């Protein structure tokens, strides 16, 4: 028989809402009487027979409120530069031929790739090798072009804002400066929006190099007006004026971040030397990727899954589903990965934050 | 001295995020060295001297995470049709002259009106009487035109989805049909989006009259496929095919809703007669208006407040702040209150819900 | 082979933490290399072959944070008075012989019965028929003797308190009286403790018949002192002085509750006639049984599960696991079901509530 | 006039529920027509005139759901060893005479001291100097004797368990070992109870020195049984077998903790060298002290506040309010601070954890 069969995989860091996409794809496919093959652990799954399995309605039951991905994911596993152990050393090998032939063998006529920047670039390369692909954008940092937001970002914001609410009570009770380090190596979306929502006094983002003396001055002035504590949010990629920004290396898509210290510790150390107040740091880290997706993310990820199936049905390959305003649409994957979506230091969001009295490090 | 002085009031039902708007207005105004006068309990406050007071930064400290409105609000208090007790009876009197002269007396050169459909229509009438007004849209039901969404809606969705998560465990453990009645007299936005996010099996909205037999049939079929329970979300304005829809009366902007029974009870009764399963109803009611605003609503309401001040500065009266995609903008109040924003039964959102396997009553 | 095999069932209304008990029993049993048979839908499961299945570690993976019970439950299904359809009519039949022989056939040498008052009484009867039973107390209402609290109660309190927090913003913004009706037909534990935690102004419990005039008076006096709103919590079994209390019928353990109106509606109606304030009711209902169990309930239910296995190992049948202070212990089931654990109107909890300025209806 | 006047202060690290105690004390005192003086920032407040102020019902309105303490607190400020800047250097000076005379001057006839081990020891010393004191136990770590638990602990558990839930999705999706470092320098209560509730695979507490090889082995074995990820909770005071335990110094009550690395980093480093899995650490830190208190903590702290007033009324000085089972009682402060309340490595709680299949490092 000639039943249509599609594949789905999730790549890169995990993110609340991945299960919503998987469930949406399976539900919409089953209505069309299509088969869905789930590939585990990103592209890596194609290289291991036991990691490819049919997904039924039963497999996706109850997964919508669950964080993470039932398919597993990995930050490794680029088929064009795959780490293989040879004679005790890791070599990077091009295994894309094997992946393409495996896709054919499995009878997969279209592949849904759920991932960020890095994963979608790999998807584009596979497209060139003849694999019909539809992309679903995933980035907790919200730094992908061509979509207003993606799932996971809203949940991460909730987690970061909740942390700010919690730090506020300690800051206020102990008259301290509390620093919260949040995700965002290249773009400060989480820091800026959580900072606004969490009533932060200072927000430091990679798009605006900070002047630590001005930050200290702002805290002192706040103290004069009766504010005996301050809350600072810093994106992990924030850096001082004159310092060097975290950038993406060409090779491997890996970024250069010195983890020594971390930006939170650094700021704390710098401020501690200037201010006569206790300064304490909290690094939110992995908590931002976890948890049950918010309503917004459950709804968006479910619709993205359905839309991916609709794009496959329409034969619109090389497209990525996206959100524009309240509409779900599609855009070329190519346009989405051109460069990262950064915050405009002169844009309305930053201006609004400053109008609210928030200090942005400049 | 010639210091600018603006007024702000909140009208209609309360809504998470109102305090964010008030705080945003005060913070942006103080940066401009303007005065802000808070008017309590909507337009009603103009008629009582003690209900108008200057708002300082101190007054808005710590209110961002708090639900409700520090200014108070009321569903009554249309100055053009104001309820006054005369000789033991309530008469509706036009007190707009008094309101206008009070605004002048207070030295208010621009008024920020935060409200829904009804409140904004009153604002338009006051505009005609010479009061320079800027609107801020507020509707928990998300049924206002000219803005993608407003604050409060997202928080209400979280509350409704959380309720669905809770009902799921009971539905599953007891093999029951659980019905959740949510807000939405005219528009089913809360029911539809919370239903998608909460994994509902059936969603009933005012925009699609329901066929109870088909609903029952869907539940029976679901049982045959192994689903021994079902969860139904019904907007309070949902009604059966052939039944009569809740509509807005011309006069007073009041809607005609027979509260007898309520739609949840009605559906439960109808299904109970047909199905061999327990059917239980929960009416979510006021809980949807309460609680700490979500991150999205805190951010949006704060920015709306700032934007209102910027509109006043620019002299853009008769405008309402709004959200389009990720941009905060402005639109004529007139356009926003033309009619309610309903769900398109043939649109993408409904289609996606049906693709997810959700039964929409038809 | 002579491997020990124990059974487990959950009976009565569902409750957060049931899955924690099941998981605890399975994990502790597997360490002893015992088999566990899960019986679905309470005692009812014994009458249907397909409802008895072996439970492995895999079956209980990931269930700890989930509400409800993976085994299903039912409020029907007393084997000594079992509803059977004969000639179109429901007859109550004694099927206990069948249950006992089924237990023998399954090779179950000890049965863990998780349930409340009603279920545990049935367990005692089965004990007399020779089935070795260990009880695990379950009551969301906290009205079982011989244990300080049981799992589920704390989660229900969190839900009720969260609802009170939400109602506060509306009450305050609209200057209304908000009434929250919570569970508790015979005992007012949820109402009293959630009321204290949620800052209620009035708490009405079955243990103290209320005087509506005094309630109204308290609200009026509060208004005079500047409190323009009030929040009332009422247990569903609360009743007016001179009215009749909900009691348990001897036969069937069913209570007589007239659902017409409900206590919330009744109080609202009574107060609405006296006060010049809007009075609104919210019935929390099924939401109290749902949701992910709180930390306390997850910990307690897990330990109860383990303790049940330890009691079986020690041959301590007829005992029920319990919590005394911070110690997990055991008590005779017989003692636990003697009568319900009610609030002492002259005890410290009530006194403390009144010291906090809460009005208790008297 | 001869109105009774009592004082209240909060000392040591902040903790959810402090506001509940303050509110309880004020409400119960006002009913007796007593005055309450709030002393800010612990004992330090006695040395600054502006830090002592009368507390009215209005001052404590709405504070029950708020974390932290409206009175402020500090970890410094022992009047018997008070840090004073003299000629550019900090000297520790005995200022207790000044504190005692200040208490007399303010007309305070009884002092409510809310604090942990350190603060209560200071209170005892002041008692000897003639100040009538009632203690309220506060310790987020739950390591005070003579009370089953104190407020704040339950909220910290909720935060830690929520973090574990979040880490689970990432651990599972990425097949990683996730380590969560929680509070608990001397006692592992948070680690152990949150670990049980959060479904941890390994829990490391100060009371049981860990053997890192056995931990690694347990993770490997878990992998063999199909568990491709593991979640570890470590109390900050956990230490390896043969390593040295964090102890309290005699002088100043300060503990010796090398912050270099932290136990989470250490374990992660040790495991990373042995296992072929990614190991990631999250340090929960200050988040555990923050946030709105849980229902349990709101109820308990409110009752503690009332009980403190009742103890003053009864003249029971030198006593500390406490919880025994479900009863609020009192115990000599002296008994409570004798030594810390540690987990019994051979007790039921540890045994239950091990029965649940949790590895405790030994």
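Brief remarks on what is shown
In order of appearance the chains are A, B, C and D, and numbering begins at 1 in each one.
The rule we apply is simple: a contact is a pair of C-beta atoms (placed from the backbone, for glycine too) under 8 Å apart; a residue touches a chain by one contact, two chains touch by 3 or more.
Note that the structure is a prediction, hence the values are computed from the model and not measured.
Common neighbours of subunit A and subunit D: there are none.
Chain centres here are C-alpha means, and the one lying farthest from subunit C is A. The geometric centre of subunit B is 35 Å away from that of subunit C, both derived from CA atoms.
Inter-chain centre distance (subunit C to subunit D, centres taken as mean C-alpha positions): 31 Å.
Centres computed as Cα averages put subunit A at a distance of 42 Å from subunit C. In subunit B, the residues touching two or more other chains are 165. Working note: touching chain pairs come out as A-B, A-D, B-C, C-D. On subunit B, the positions that touch subunit C within their shared complex are 13-14, 16, 18, 41, 66-69, 72-75, 159, 162-163, 165-170, 172-175, 178, 280, 282-283, 285-287, 289-291. Interface residues of subunit C, counted against subunit D in their complex, comprise 23-24, 27-28, 30-31, 57-58, 62, 64-65, 148-149, 154, 157-158, 160-161, 165, 193-194, 196-199, 225-226, 294-296, 298-299, 302-303, 306-307, 309-310, 324-328, 348-349, 352, 355-357.
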